[in-house]
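Right after this note come the structures.
Below, chain A partners chain B and then partners chain C, in two separate complexes.
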Partner chain A sequence: MTTAEVSPTAAVNVDIHSENVLEVENLKVYYDTDAGHVKAVDDVSFTLKRGERMGLVGESGSGKTTMAMALMRLHKPPAIIAGGTVRLDGLSLLDLNEEEMRQTRLRDIALVPQGAMNSLNPVYRVRDQIIDGIKHHTDNDKMPNKAMVNERVIELLNSVGLDSNVADMYPHELSGGMKQRVALAIATSLRPKMILADEPTSALDVVVQRQIMLTLEQLQQEMQASVLLVGHDMGLMAQFADVLGVMYAGHLVEFAPIKEIFEDPKHPYTKKLISSLPDIEVKGQFTGIDGLPPTLVVPPPGCRFHPRCPIYNNDEDFRGEFADLRNGLNTDLCTTVDPHLNEIETRRWVACHMYERGS
Partner chain B sequence: MPWNYIISRLAMFFVTIYIASTIVFFLPRISGQNPLEEKLLEEAARGGFLEDTQAMVEAFDEKYGFNKPVWEQYVKFMVDIVQFDLGRSIFNWPKTVNQLLAETILWTIALGLLTLIFAFIIGTLMGAILEWKRHKTFLMVLMSPILTLSAVPYYLFGLVLLLAFSFVWSIFPLFGGYSRGIAGWPDWSNWSFIGNVLWHATLPALSVVLVSLGGWAMGMRGMMVTTKGEDYMLQAEAKGLPDRVMFFRYGIRNAMLPQLTGLALQLGLIVSGLVLVEVVFSYPGVGGLLVQAIPRNDHAVIQGIVFVLALGTALATLILDLAYPLVDARIKYSQG
Partner chain C sequence: MATQTADALAPSSTNGTDNVLELRNVSKVFGGGLLRRNITVAVDDVSLGIPRENPGIIAVAGESGSGKTTLARLMLGIIPPTEGAIYFNGHDIASLNRSEKREFRREVQPIMQDPFEVYNPFYKVDHVMMAPVQNFGLARSKSEARDLVVESLETVGLRHQETLGRFPHQLSGGQRQRIMVARALLLKPRIIVADEPVSMVDASLRATILGSIDLLNKELGIAVIYITHDLTTAFQISDNIIVMYQGSVVETGRVEDVIQAPQHPYTQLLVESIPRPNPSERWGRDMASQETGGASNEVGCRFAPRCPYVMAECTDEMPPLYRVGDMQAALCYLHRDTATGNVQSISDVFKASV
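So, the complex of A and B:
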């Protein structure tokens, strides 16, 4: 019951040997407004391997949630997918019709919503809300009998560390952490290949946060599912993610294994982001990134980060460390050419003109 | 649901009814008119002369205790009302108010209940669909006639319907609850009689349904907008639920809760809401009776009808309060 079956239409373009579970190429998600297209997600590409955990960080409005929603085609008007491809285990999601996409949701790609939010229907018991997801992804004649379904519900609840009697409770009888566990149980009920978690622990206290993340990790490892964790808690990312993507103004500006990105951030924005994390040794000093994210209706010409970029603006703090790269940089490029995301070392992708000298 | 809640809610119901009956008792007495005297003077004016009016009024007051102190009358009124004895009508003498109500109330309740339920179901569904399929522009075309109609009073729209479908084109009858002058009627076991009743009820019903539809639709549409924006809606879609399931079990099921409150309140207002419609269509209901009774100072009839209205409203809200936890588990009654 729980193993997902690939529908006949989907089977055509499935490549079993592909190690990448998620392949996103040149994804563009625009908001169609009177003022013009707001390029919330512009030309984003990355790949995620089976069982890998990816973190996605960025300022508010950088397009991370918009992109996550678009991956499941849950974006709402006026958002439109203006181009690009999304392949889940070889299956091109943007080419599916509505019914095929509906079948794919939960079965192959599931969502864990923001923590402690009203993501459960207030008028039904937890049991019914776990069952309806399973029911609408199983053919009527293959639907197991009631006792077996109930057994599965209990099994799922136990797997997220909840008591069996939670099945008969209503959402308002649960705490924020419990609700989030139920959301985890629902998301994993069909053993998806990919779990999208959009700030799953925001609004939860740190103790519950830790428990939820541990549960998610445990389920993910047991199912060998890939996870895309969206958020802006760098500490959480450092603990949970294998790879980290950094978004700025609709662009993915850096994508690299988590350890490397923390030890040696390549993009000036990432560098600033990591150095802005509070340090127990240095008290009373808050460093941030000067300026505000740009408007996405008319983004700055060239590199979208250049008005705030410490390299472009030749900040003192950055002179020593990036001196060589800075010397070779033609700053005219920064204001005229939008940098491409390039792989400068194995699995180290960065979009900055400093690293483009060879080309 | 704890018993002490049920008991305190029932107590509140009886207090409401008690206060309502007290108001019902005092209101006609404030007018300072003696209905019998009015009636006799009217007769006298018509007949030219009537002897000993005053003596007749006094004899009547004596017989029915209207010359006693107010508090004594009040106690008697209360004792009567507990036994559901609403007194006698002066203008339909010797009929009791109970008899008059029995003749009319079923007509009103049948018309009012059916139109209310029709308008509620159609309006609610319409409002829900209007929001759910908002990208379908042809649905938006429905909005302006619905909104326009909901701003028109029942009775005015009833007059327009009468003019069009009874006067210009004689499709429906001009007045009444059924055709008069046919031997053996009213006869509820006779199908052609029932058909005749429905034929007579069509225009009054249409005038109510078409006008009140808009209110339900607009209310539901507004609630649906809110519900659509809830997190559980996004989650339902992420769960890969079919559109139909999201619409009924997630959308309508949640958006409908405030509509149900409105429905219960409207249940209590069935009779009063229909008064003018019944007048326009000369419908044999309670409304017509009330409109006749008011200018004639037929106190017992006015008191009786107003009391029944109050009872209906209080009963409807009582049932709603007791039934609400069944539709919405979040509502639980605790002590206090």
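So, the complex of A and C:
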């Protein structure tokens, strides 16, 4: 599902002048603090195709959530967008005024928040919360009549696997999974081009998590919407995403199709991340990544990963596999020059000096 | 339950060794009272022994509401059972005398889920670590106390230079959680009950923290009860597992058997739903539209309303825990004809730790 080929039923209102739905270029989000700029998101670029599902992983503090929120301009002070562009289907989001941006949210780019428990209004019935979103993004004269709106509410609830009677319930009457389904119904109510989901299942059990993710996938395919799933669970990414971005200390360090990144990770951090994943096949292959993520106030010079990098530090485990690449690596670069994100094969982006020779 | 504390009442051993802690037919019911409404059976008839020798690591797995945290709180003596009794070194913990109670509090230590909540932000790490040393009189002098603290910090892989003298907010989540492990370790406990110790930390740190818990078991022979919703880490570090669903132990035994060949339909559903870190092995696509809400049964198997194999008897009466293998038992009528008997105490099917 990585192409823009759309099924005839879903493609009616899609403007196909560009295969890319989301284009992020050199995005910088800084936290303006007394100690100076904390570069939470530093020079991040990537593109997302129509109907494509992208995963974005990173440790806490890597900047993944900050970046995702900045895409919708929902970042909170002291965070500021310090540079770059974000284009959604050609529309430059960072150039919109507040009102235009408000209109664009939900209609074109919708958020499925982390823990829907707290995002629903406890004193409104589910029906009113869904209608609320539709109303605020539809011109008064174009607002369909009450019967049609109610019909749409039921249709939306059914599309996320909920009974029609949920419309008249209050959030406290719903289980965690049901609330997250309501959040999905709201996010898809205006058939957005893109859905941004920030750890949508982090508070849920595995069985419910699987159901919610499959429901999201169904909706997304039916609408041909793109999805950006932010999280830290590589297992969930493997199950859901078409492409994966890996963030480390404010940088996007790798971006590639999901199968390729799991089979052949290029960046040493991704490599470590994937080899440290525990499974239920073999016992005892459970290792962490040594060291701690760096502070972003004073990030390490050069490549931000070098203090923990198995290649730079010449770890035994990595000598065989990366021997050739490491032989040609000038490790002085690792401590002095921040590597750029380069496309080393089609749709395989990596920010590491090992791959920079010859360019 | 009679209230004598005589050693004559001490429970018999289950598998040849004597038990530090033993639960006998323990149930915990919440609610009820005068109104007799909204009764929740949080833990239903659990018998389990934790041996003194080679106790191993026992995982208690289940979703929220399964009763796993209630079971942990019962073992820690934080709440009393509604039925049944818990024995510490053969004595009912409900009727321990002062010094026995003190011993129990020292020997059975908790490690809690969220280290952010445990710490008082105004106290330095030193205070967090010194308090138990003072309260239990573990050291004769200040320098001896400090040596103890430094030693236990080092056991969990922390340098005292980087931790002592600092406030909690100056430490990372992983460091804070390891300090909790070090603190529990100070008291040289026999049992550690760790309730979701890694659910708040990053994957890359998870292995390190679980590694330090594993070390306590392997090197120091401390029994570990690892409460979790994550079957993958349960598989990786534990010897035996208890799977709970709405208060019932639905399956238990050697962790490899239970996870790799689950015999209860609920365990099967759980294992199937683990997001495997392999893009070529994706979930079955058949269950997107189901909603699980379903009210649970008042009588009979709790899982019956969701069970794909439900039979008439399932809703009439709770099945017994059938022995389905040398080291595996399941609470399910599907195994009635093939089982080799019923299991009374969960630990009867546990693999002895090496």
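Everything below uses one rule, namely that the second predicted complex is superposed on the first by the 335 of 359 C-alpha atoms of A that agree within 3 Å, B and C clash if a C-alpha of one lies under 4 Å from a C-alpha of the other, contacts with A are read in each partner's own complex, and residues count from 1 in each chain.
By our rule, contacts are C-beta pairs under 8 Å (C-beta built on N, C-alpha and C of every residue); 3 or more make two chains touch, one makes a residue touch a chain.
For clarity, every value in this text was computed on a predicted model and none was experimentally measured.
Clash-free side-by-side placement of chain B and chain C is the outcome of superposition onto chain A.
Once the two complexes are overlaid on the shared chain, A:K39 sits clear of chain B and of chain C alike.
In the superposition on chain A, contact of A:T104 is made with chain B only, not with chain C.
Contact with chain C, but none with chain B, is seen for A:I289 once the two complexes are overlaid on the shared chain.
Contacts of A:V123 after superposition: chain B is touched, whereas chain C is not reached. Once chain A of one complex is fitted onto chain A of the other, the partner contacts of A:K193 are absent, as it touches neither chain B nor chain C.
Taking the C-alpha centre of chain A as the apex, the lines running to the C-alpha centres of chain B and chain C meet at 70 degrees, rounded to a multiple of 10. Of the two partner chains, neither chain B nor chain C is touched by A:K64.
Comparing chain B with chain C, more residues of chain A are touched by C.
Superposition on chain A places chain B within reach of chain C only down to 7 Å, the least C-alpha distance between them.
Across the complex, chain B is touched by residues 72, 74, 77, 102-107, 110-111, 113-114, 117-124, 132-133, 136-137, 170, 172, 183, 186 of chain A.
Of all residues in chain A, those touching chain C in their complex are 59-60, 161-163, 175-178, 181, 205-211, 213-215, 217-218, 232-236, 238-239, 241, 258-259, 262, 272-274, 276-280, 283-284, 286-289, 292-293. Only residues 135, 230-232, 234-242, 245, 249-250, 253-254, 327-330 of chain B touch chain A when the two sit together in their complex. Chain C meets chain A in the complex at residues 63-64, 172-174, 202-208, 210-211, 229, 231-233, 235-237, 256, 259-260, 269-271, 273-280, 282-283, 285, 287-293.
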